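Got a structure for you, written out below as structure tokens; questions coming shortly.
Should a chain be cited, it is by its letter among A, B, C, D, E and F, assigned in written order, with residues numbered from 1 in that chain.
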Amino acid sequence: MRPSGRTASQIRPVTLTRNYTCHAEGSVLVEFGNTKVLCNATVEEGVPRFMKGQGKGWITAEYSMLPRATHTRSDREASRGKQGGRTLEIQRLIARSLRAAVDLKLLGENTIMVDCDVIQADGGTRTASITGACVALVDALTYMRSKGILKANPLKHMIAALSVGIYQGVPVADLEYLEDSEAETDMNVVMTETGKLIEVQGTAEGEPFSFEELQELMDIAKHGLRELFDIQKAALA
Amino acid sequence: MRPSGRTASQIRPVTLTRNYTCHAEGSVLVEFGNTKVLCNATVEEGVPRFMKGQGKGWITAEYSMLPRATHTRSDREASRGKQGGRTLEIQRLIARSLRAAVDLKLLGENTIMVDCDVIQADGGTRTASITGACVALVDALTYMRSKGILKANPLKHMIAALSVGIYQGVPVADLEYLEDSEAETDMNVVMTETGKLIEVQGTAEGEPFSFEELQELMDIAKHGLRELFDIQKAALA
Amino acid sequence: MRPSGRTASQIRPVTLTRNYTCHAEGSVLVEFGNTKVLCNATVEEGVPRFMKGQGKGWITAEYSMLPRATHTRSDREASRGKQGGRTLEIQRLIARSLRAAVDLKLLGENTIMVDCDVIQADGGTRTASITGACVALVDALTYMRSKGILKANPLKHMIAALSVGIYQGVPVADLEYLEDSEAETDMNVVMTETGKLIEVQGTAEGEPFSFEELQELMDIAKHGLRELFDIQKAALA
Amino acid sequence: MRPSGRTASQIRPVTLTRNYTCHAEGSVLVEFGNTKVLCNATVEEGVPRFMKGQGKGWITAEYSMLPRATHTRSDREASRGKQGGRTLEIQRLIARSLRAAVDLKLLGENTIMVDCDVIQADGGTRTASITGACVALVDALTYMRSKGILKANPLKHMIAALSVGIYQGVPVADLEYLEDSEAETDMNVVMTETGKLIEVQGTAEGEPFSFEELQELMDIAKHGLRELFDIQKAALA
Amino acid sequence: MRPSGRTASQIRPVTLTRNYTCHAEGSVLVEFGNTKVLCNATVEEGVPRFMKGQGKGWITAEYSMLPRATHTRSDREASRGKQGGRTLEIQRLIARSLRAAVDLKLLGENTIMVDCDVIQADGGTRTASITGACVALVDALTYMRSKGILKANPLKHMIAALSVGIYQGVPVADLEYLEDSEAETDMNVVMTETGKLIEVQGTAEGEPFSFEELQELMDIAKHGLRELFDIQKAALA
Amino acid sequence: MRPSGRTASQIRPVTLTRNYTCHAEGSVLVEFGNTKVLCNATVEEGVPRFMKGQGKGWITAEYSMLPRATHTRSDREASRGKQGGRTLEIQRLIARSLRAAVDLKLLGENTIMVDCDVIQADGGTRTASITGACVALVDALTYMRSKGILKANPLKHMIAALSVGIYQGVPVADLEYLEDSEAETDMNVVMTETGKLIEVQGTAEGEPFSFEELQELMDIAKHGLRELFDIQKAALA
């Protein structure tokens, strides 16, 4: 039995609020239950130095948790003077995932930077970030087309992400903090709306897991991700 | 004529939403028009090293803008590896102001840390932060009393803050970004509900201002601050 | 009664020694009693990136205290690896004040950087810095004219700064350390020689202060600043 | 056809040289073809602050590439002043994997720190690091038992790691740099000698991969990992 | 012929002004011609962590140049966020030299920190620093004895330092900037008043130097250092 | 009697293994007994900004110890976020020495960066680094000539370095750690194969040393350095 009473494969209520703030070219508040992340996409002319002259665009991301997004306050990274390993790992994952959704050649020499700031955390902040960031990215691309910056739509397919894990011996979808902190295995899956995989990151937090459990977790993830694509589509409609 | 059609002394609609997030002991979203700041107060046992053994508490603050709170994206301070001078200046101001509202002896050897994170900026983020942070502080103090951490209420008086300035030659209250970026003089005033001053910071951005103009700005500030105290009281009722 | 026997409005003996060091284009040792600050102005061709192409110049400042300028040694900021909030706040204030004294268009695309290094501290280091830096700035401008870098004098008016405060219930001018550390209110006022205000920064260190006290402090400041302008003029004669 | 002429599932020649340096409690040079990593395990009394008083030990890791381990020189992280995201991600992976091999309670309040320094890189440095670090860890545990620091052997099972990927459309094992830089999918698998999974990290570098391809990659990884366990056993014999 | 008209072995006029600032336990302005360094010695109870419990004291030093101590302004290290290699090298040299002058056991578990801040530079700042710092150290030791912190005088012997070099083919003493910047060899010698060596650091800036030239430079250094000891003695008399 | 049974002037067995790694333009493992340093020379087009437009090349160096190169583990500098003073001092010494071996004009606007990474430390790592780095430098220059980057050989003469010191009252050559940690005087000498001096750095760790002892140390150094030049020549043959 899950703390929330959800079934093993049931994800939390997910909402995607577009235009959440007024300045960004794409601004989406994504909520997976009590997990709330603000995803702001910024369009900038030009690309980083290592990409110059290739006629291709770039997509990057930054991730941060507000210090009191969590049960106990964590130090502010700006004040400590560096971003932690977890932060860097997550923002690299978000950026890689978003780049897999876009034809960088069609983007031209432009950069889209997506900021994912966690307002409130209750498990699954990185997968919520990716799911929301993709919608903010679409809004930014629409903005670019409306301004004549882009001629064709560089979006190859939507992407979404879901966490799955083994909680009390049972594979479950979309773990909230209470489950996550006790889970034996924790896995994040990033998928395209066409059912292909972008990222699979599974970690045994307690006991190692079997090849069969990996298979089960992948199945449950695929199922939940289908729902997320429907929610994204509805939000963009 | 002000861009918003407001009169010279008219402040923007101000809302204070308590319990905006679920983890912090005090959590207030403060809005001054389009300026939105999330103020989270965290209660921690103990005090910083330099305060130890004095039987007194401590209140401190951190301030940050989300990178895309503004018209164009600004670098994330965590990623640059240090907080800028403006950030440090503002969070020192917020902390000093809050400490002036509280009898630190009655707080015991406990620390309250208030995080002010600007979700959306349209001028006056530091004064909105102080005004919201004071309400979050009150909620944190109430929490402490409910838990038996405090015996008496250490709050001496509410505080609130307002920006005033000279815009197109006229002293006006609560400048929004459009006004702020053109103002000749910019002043931030922090006041107690008993009508005394905590901080006055006036800066000539363009032409120097006269002693008389300082007087006028102080008058207009006092008037607007009275309104803010009413709004705080209503929010806490 | 003040520790020094001074009257409430009496400032300390102030001296301005020009050409204190031999390399800088302007080099002034300013002394307010035991407070001694070396202000070196450096002229550099070009402007920072954000100012380029506007045909205007730039003035900036850096402030530092020698580690043992004070009663007890404070950590060297270069060794800690970052400048503290107080330092950044002060050098921002100095730079803003100096820029208000100069017509940046007449400066052309040149930068003047003023370094204010506190050799010995006894209260009022930031206001002494501004007062001395303005003289160093004038010497640097003279140097630029002598070299043909400037055609017209960009100086709009001299500026000077003074600290005032409420000590034992009485508004006094030019607080030394003993007074400063006990003062209930501390205020720094930057004024032009034409009697207009550049900056007003008042802080209640203990009890909040009234609007009337603000008025009295401003009066006492104006009086002391007049004296400072005479001393500057004599030094430049 | 692979550049090296290897079959799809064939791993490179792997050697594990124990006691490679003379000071560390465990010191192993691991070579996967031209990839060479020095893994030094250090035993230290006590545990980090967040682990104190739990009667448990801790295992952590640091990873670094010598600047010229690669085709072109990369900046030295010590000189740039911070470790990059890739480095942090890898050393977090190594440490998590090693902790999964050990019963931390049996380790007592001791720390083992494993340094993985890449002398020469030709693909697969993180998986080579884990494979070699596990042997260095075993040597460090043996040292601890010989010194009477440990009463029982805390090793639960050996672990090893292998990279697999899709190169020119075909799933292959143990990619060298030439393959890695062109691979469409890159996956790192950490397994126990008992055939269970510790970590699975798959990333689509080019085209997304299917659920079936994930399955194939897992199969090929399992096969190669079995060989690695034999090589580890031989080295420890 | 030297630019100053000095003979090869002639040092510049050297002055040592004690009690130059009022807060430090030892405060000496040392001048070697136009080179001016303020040496402040601070006495602190206790020793750094790595020295604790040995019943011995510690002496350390920090060195810095004011940004405009030189012909062209150099960046402020506090603002760049780190001390450069040259600075660290010099302050390590000063500290080692001072420790060689003192019996650390007689110092008890106390620390003396000497800050050497270069007000104006014209060559030889590190040797001037050592020469002046030793006098400041003596004053700090006298202070400690007067306060009853020390029972015996821990000073073993005075130390002084001098730069020598090969300028236009001729070994000369106490190079000023004009000579230093053209010198083929630059050597710094730290000696005790008893005629023994603490440090010898010779560097070929242009052509390598012979073993015979090393000998000549040592002779000329010894001669100049004898003068410095006389000047120190006179200053302390 | 020395711990190793060596005579006073006897250096340890020295080996120079060229092409130790496969990517660098020059790659030498240098061993002085148990001290092992990997010296990798990298050729890069262009020069640092401060050298541009002079038609001259640049040679620089970086030095690092693997954390467990020593008896007890030292912190990784990349992880602490800055290089220590000792590291900066050593890499400045290596770079200065290498530059003295080369005619920078003949190098053209190219940079050679030599990385010296200490794999295992047993005293004398900086002198071993210089001795090995010079061979790596020669290999890099040969590479540059073979690629047509250089027309003439810019090498002026080989350089080598040796540590000497006073151990138990006796001047000895090439101190290993056991001797080094007890030595009263420690001296590093960098010499050209033509018998001239590049650097002499002598430090009294315990008792000050006499001018005569300096002479004896120089003699013993010269003798050992002759041997090192023979070993370099043999390695390059």
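Observations on the structure shown:
Rule of thumb we're sticking to: contacts are C-beta pairs under 8 Å (C-beta built on N, C-alpha and C of every residue); 3 or more make two chains touch, one makes a residue touch a chain.
Chain-to-protein mapping (UniProt): A, B, C, D, E, F = Ribonuclease PH.
Worth saying up front: this structure is predicted, and the values here are computed from it rather than measured.
Looking at chain E and chain F, no chain is in contact with each of them. Against reference pair A-B, the listed pairs E-F, B-C or C-E yield one interface repeat, C-E (criterion: more than half of contact pairs the same by residue number).
The distance from the centre of chain B to the centre of chain F, each centre being the mean of the chain's C-alpha atoms, comes to 58 Å.
Between the Cα centres of chain B and chain E there is a gap of 50 Å.
Separating the centre of chain A from that of chain D, both taken as means of CA atoms, is a distance of 28 Å. Residues of chain A found to touch two or more other chains are 81-82. The chains touch one another in a closed ring; read from chain D in the direction of chain F, their sequence is D, F, E, C, B, A. Within the complex formed with chain F, the chain D residues making contact are 21-24, 27, 34, 36, 38, 40, 42, 44, 62, 64, 66-71, 73, 76-79, 81-83, 87, 113, 115, 117, 119-120.
Across the complex, chain F is touched by residues 82, 84-86, 88-89, 91-92, 96, 100, 187, 191-192, 194-204, 207-211, 213-215, 218, 222 of chain E.
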